[in-house]
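Two complexes, one shared chain (chain A), two partners (chain B, chain C).
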Partner chain A sequence: MTNEELLAISEKEQELQQQVRYRIMVCSSTGCLSSRSDEILAALEAEVKQRGLENEVLVKKVGCLGLCAAGPIVSIQPDGILYKEMTPEDVPAILDRLGGEPLEEKRIDTHQPFFTRQKKNALENAGVVDPERIEDYIATGGYAALIKVLTEFSPSEVIQEVQKSGLRGRGGAGYPTGLKWSTVAKAEGEQKFVVCNADEGDPGAFMDRSILESDPHRVLEGMIIAAYAVGANQGYVYVRAEYPLAVKRFRTAIRQAEKMGFLGQNICGTPFSFKVDVRLGAGAFVCGEETALLQSVEGNRGMPRLRPPYPAQSGLFGKPTLVNNVETYANIPAILRNGGEWFAQTGTEKSKGTKVFALTGKVKNTGLIEVPMGITLREIVYDIGGGVPDGRKFKAVQTGGPSGGCIPEELLDTPVDYESLKALGSMMGSGGMIVIDDRSDMIDVARYFMEFSMEESCGKCVPCRVGTVQLYNLLGKFQRREATEEDLKTLEELCDLVRSASLCGLGQAAPNPILSTLKYFREEYLAKIRKSTPVEEA
Partner chain B sequence: MVATTRKVNPPDGDRRWKIVEATMRRHGYASTALIETLHSIQETFGFVSREALNYVAESLNIPPAKVFGVATFYNLFNLNPVGEHVFSLCTGTACYVKGAGEIVDFMKEEFGLEPGQTTPDGKLTFMVARCVGACGLAPVMILDGEVVGKLGVEEMKAKIREWVNHDK
Partner chain C sequence: MMTPGTAVKTFTMDGKPFSATEEETILDVARENGIDIPTLCHLEGILPTGQCRLCMVEIQGSGRLVPACATKPEEGMDIITDNPRLRNYRKMIVELLFSERNHICAVCVSNGHCELQSVAQRLGVNHVRFAYLHPRFMLDGSHPKYEVDHNRCILCGRCVRVCEEIEGAHTRDLRNRGIRTMVITDFDTPWGESPTCTGCGKCVHVCPTGALAEKGKSVAEMAKRRHFLPYLAMRRRGGK
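Our next item is the complex of A and B:
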């Protein structure tokens, strides 16, 4: 495939879409599908046909539009109308009103901050392209970055561009992506691997699922560019088996890309060859940790190992391996299309670009958002999220999943970036953000995460395996109001021990939910400490 | 990546073993195909039996202890048969905050089931899942593979009762 051929496909596709007067897009991601958006799609297709409007109206299935709680969502272009909570019965009415007055009672106000405060890059095509048609992706400029890179850039120039962008890994730790790429590129070896971490085990997080379901080609293009940059010829996408739709759409994307010559031997007529295979996870949270993930791809129990050596030096089958997160790859095509500097214009000094968050819990607008780094937590919870519903009071926002912590009201003006969140004792993590209202007990929340870490610990090292159980039991004592001053001290000491003596990130971060609740909601622990036994009772 | 060409016979005459066989063949009988093969078995038979574990061990030339070790490490593999109907409840954070815990209690009271258990008549299995990625709709449950969300706790209970009694 040459650039001219790509342009021809893109133009043909655009023509096809512009021939029609209206494009009606139906969200077909897991969220809306579970509220039967497939039936709406079918009803629309049937009704358009029955009315003989095929040449005027294009009905299209698209990825996630973000506002999952209001699903199923239908969008009408070019008018920019969004409808919420659609049912197949609404279909005739919206067709009647095409070009006229929209159906007010179903209309979503797109001028509200939920839409206007976002800035999209990784989610740029989500809700716009049909994730199962490569032509649609190409029409938005897809694969142009790949061709440009293969024909105009040397691998080291690609890496320079990524370094210039300042992009940091979106899987949690925030390691500079360009630096990681250059380490793998410099590593010795004929055989290298590129791996996409789509395990997304953090409960409350669905950014990666949504990206894979909405725009799989974007992730694939990012991976192919990465493979060219580091000199890999085989890639793996490790996806959780709990995401069947994401798996299906990614597999379809691989097949389509192979057919068009973006994958396989001599890609786009260059000497570069690259293949991608899917590997399914099997419900072990620890497999998101990179060394455990590689073990799992090799068919073993997913047990983390000590680093160094880092996968960049010795990864899959002992070969140099690049491991990046889904969202990290999804940012790549636009960086190479528009240049690293373009990307670096958004965000803060040390955290560039945008970040996708899954905003859930006790907040009005639950769903998926992408915001510039540096935005404050308050803006996310109140402006974009619409605040806490049912007249309840905000209590905390939990970020970073089991490795993160709870942030109280008085710190809501903190800007969202890797360092600031860490300084609060929480984490950026992969992007789960759960709002908690005054009905939740913070010890319950801490114990919930402790139970998670305890059950998901791989059991390899004692501090994590035994420590998490003890922490869990201690929190139970608090819940039952049986804890003593002594227990509070033990709790803190134990947190410290588990944090410092565990082998991998799971154990090292496991105490975070306790430590952060101890820091910001200490009075709840104190209130649950048993008052010393009165003399007459003893 | 030791490959074998040795033909191993499946545990019984069930034709569905052909599907499992095809998965192993596609991976060249490499030992790295273990997890993919276990997925294939579970998808085909609904669970991974002891006989199946032995069959895979022999076919891929992996020590049975390792095959067992891998199968038990991952939460997703059931080593026991599941009931006719499977109810999975998401107990991820978003669902937890919205009351999934109350549904766990409800399953215990109403059907006597703890997570992972099946009713004695083999009709219903209760499982918990850690986040199915539909958190925007929390709380979320999966009724025989169908994702259901956005219900209050009481509505969920009603829906579960209705679903269980549906084909009685």
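Our next item is the complex of A and C:
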């Protein structure tokens, strides 16, 4: 495949899409599919055929359109109309209105902040391209970055570009991506691996799943570019088996890319060869930790091991391995297409670019959003999220999943970047964001996350395996108003032990929900301490 | 000043200067010099995993805790092996282990020569501040010579590692998560029916507690013999 051939495919596809007067796009991500968007798609196709509109209207399935709360969503282009809560019965009505006055009662206002305040990069093609057609991806400029890189850049120039972009790992810890790439590139070894972490086990998080479902080729292109940069010839996508649609679409993407010569021997006629395989995870939260993930890919029980050595030196099968998250790879093609400086224009001093969040909980506009780094939590919750529904009061926003913490109202003006969230005792995490209203008890919230960590502990080290259970039990004592001052002291000591002594990052972060609620909602704990000594003990 | 890349590294431990070869861990140097750092999962001869977290030491300046059994000292490192914080953590870890399963010494075959018991005594654990969890596990007596009582297991992984690394059988592994994690034989078959177990008994003798024991032995007789391990490990590496 040469650049000219790629352009020809792109032009042909664009022509095909321009031929029709209307493109009707139906969200076919897991969220909308669960509310029958596949039936809407089928009804649209049947109705278009029946009306003999095949040459005028193109019906296609696309990835996530973002506003999951209003799903299933249908988008009409080029008019830029979005319809919410569609049913197959609505199909004739929207076809009747094509080109005329839109169906007001189903229309979503696209000028609201939910749409205008976002900035998309990783989600650029979500809701635009058909995730199961490589031609559609190519029509948006897909794989152009790969060809450019393979024909014009040396591996070290690719790494320089990524370093210039300031991109940091989107899996949560925020390690500089370019630095990681250069470490793997410099590691010695004939055989190197590139691994995509698509485990995503946090409660309330669905960013990686949505990206894979909406735009699998973008992730694949990012991986191939990474493999070229670090000198890997084999890649693995580690994705949990609970994501069947993501798995199916990614496998389709691999087959299509192989057919077009973007994967396999001598990619695009260059000496570079690279293969990608999918590895299914059985759904263990700990397998999102990179050393446990690699164990699992090797076919062992997924348990973290001590670092160093880091995977960059000794990873999969003892070979140098690059492990990046789905969203990190999804950012790569645009960085190489537009240059690192272009990417670095967005965001803050230390956190560049945009970040995808799964906004859920007690907020009006639940869904998938991508925002520039540095936006405040308040803007996310109130402007983009539309605030707390049912006239309730905002209480806290939980970021970073079980490893993160709860942030109260008075700190909502904090900018969203790696350092600021960490300073609050929370973290970016992979991007789950759960809004909590005044009906929730913060001890319940902390206990919910503790239960998750306790159930998901791999059992290897004592502080995490037993400590999380004891933390969970202690929180139960508070809930039942049986806790004493002594229990509060033990709770704090134990949090510190689990945080400082656990073997892997997941254990070390497990007490964060308790620590942050103790910090910002301490009065709720104090209010539940047993006031008087029971008679039998007196 | 030493030049970078020298094979021997110098550092301080509890304020005193020490040196270590590139192969040696903090624990090796400590033991060489009579500094007591408690461990439960570590055993000379098998690979360290740093999972019991008892041997945590503090790196001065960073406040970071690292497992002494699996961390190699770096040039100029300032290591603290004992202070009130570490002592409290170690006690808490032992208390957590006691709270987890049934560790009632009076009715255990390893009473008197149990590593958990002796570590607890050394650290001065005289009460457990956590609720007892006591999940119920079965006892597997299907093997003709040995028995396993999962209620006494502290999941140190020594038996798993010795079986894999020294005996080369990999009969043992783990199943389940959290406190339901347990050591299994093959694909969770009764020990007596295991087609891969060679009956060598190494797992029994490296077990720190009474979880693995020889059948028919009295408490006084069930002392564990581990002197074979460093020797076998050395022979496997091709040493003489």
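We adopt the following convention: the second predicted complex is superposed on the first by the 533 of 538 C-alpha atoms of A that agree within 3 Å, B and C clash if a C-alpha of one lies under 4 Å from a C-alpha of the other, contacts with A are read in each partner's own complex, and residues count from 1 in each chain.
What we mean here is this: a residue touches a chain if its C-beta (ideal position, glycine included) is under 8 Å from a C-beta of that chain, and two chains touch if they have at least 3 such contacts.
Not measured: the values here are computed from a predicted model.
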For A:Glu493 in the superposed arrangement: first (chain B), second (chain C), both or neither?
second
Given the touch rule stated above, what does A:Ser440 touch, chain B (first), chain C (second), both, or neither?
first
For A:Pro408, using the defined touch cut-off, is the partner it touches chain B, chain C, both, or neither? Pick first, second, both or neither.
neither
Once the two complexes are aligned on chain A, which partner has more residues of chain A within touching range, chain B or chain C?
B
Of the partners chain B and chain C, which touch A:Arg301 in the superposed model: first, second, both, neither?
both
Contacts for A:Ala284 in the overlay, against chain B (first) and chain C (second): which applies, first, second, both or neither?
both
After superposition on the shared chain, which partner residues are touched by A:Val466: those of chain B (first), chain C (second), both, or neither?
second
Do chain B and chain C land on any of the same chain A residues, and which?
284, 301, 458
Spell out the part of chain A that touches chain C in their complex, as residue ranges.
284, 301, 303, 305-306, 454-463, 465-470, 473, 490, 493-494, 497, 500-503
Within the complex, chain A is touched by chain C residues 49-54, 56, 65, 67, 70, 88-89, 92-93, 96-97, 99-100, 129-131, 133, 154-155, 157, 173-174, 176-181
Within the complex, chain B is touched by chain A residues 30-31, 33-35, 68-69, 71, 200-206, 209-210, 241-243, 279-285, 296-302, 317, 358, 360-362, 366-368, 398, 401, 432, 434, 436, 440, 448-449, 452, 458
Under the touch definition given earlier, write down the residues of chain B that touch chain A in their complex.
1, 30-36, 38-39, 66, 69-70, 73-77, 91-98, 129-138, 140, 146-150
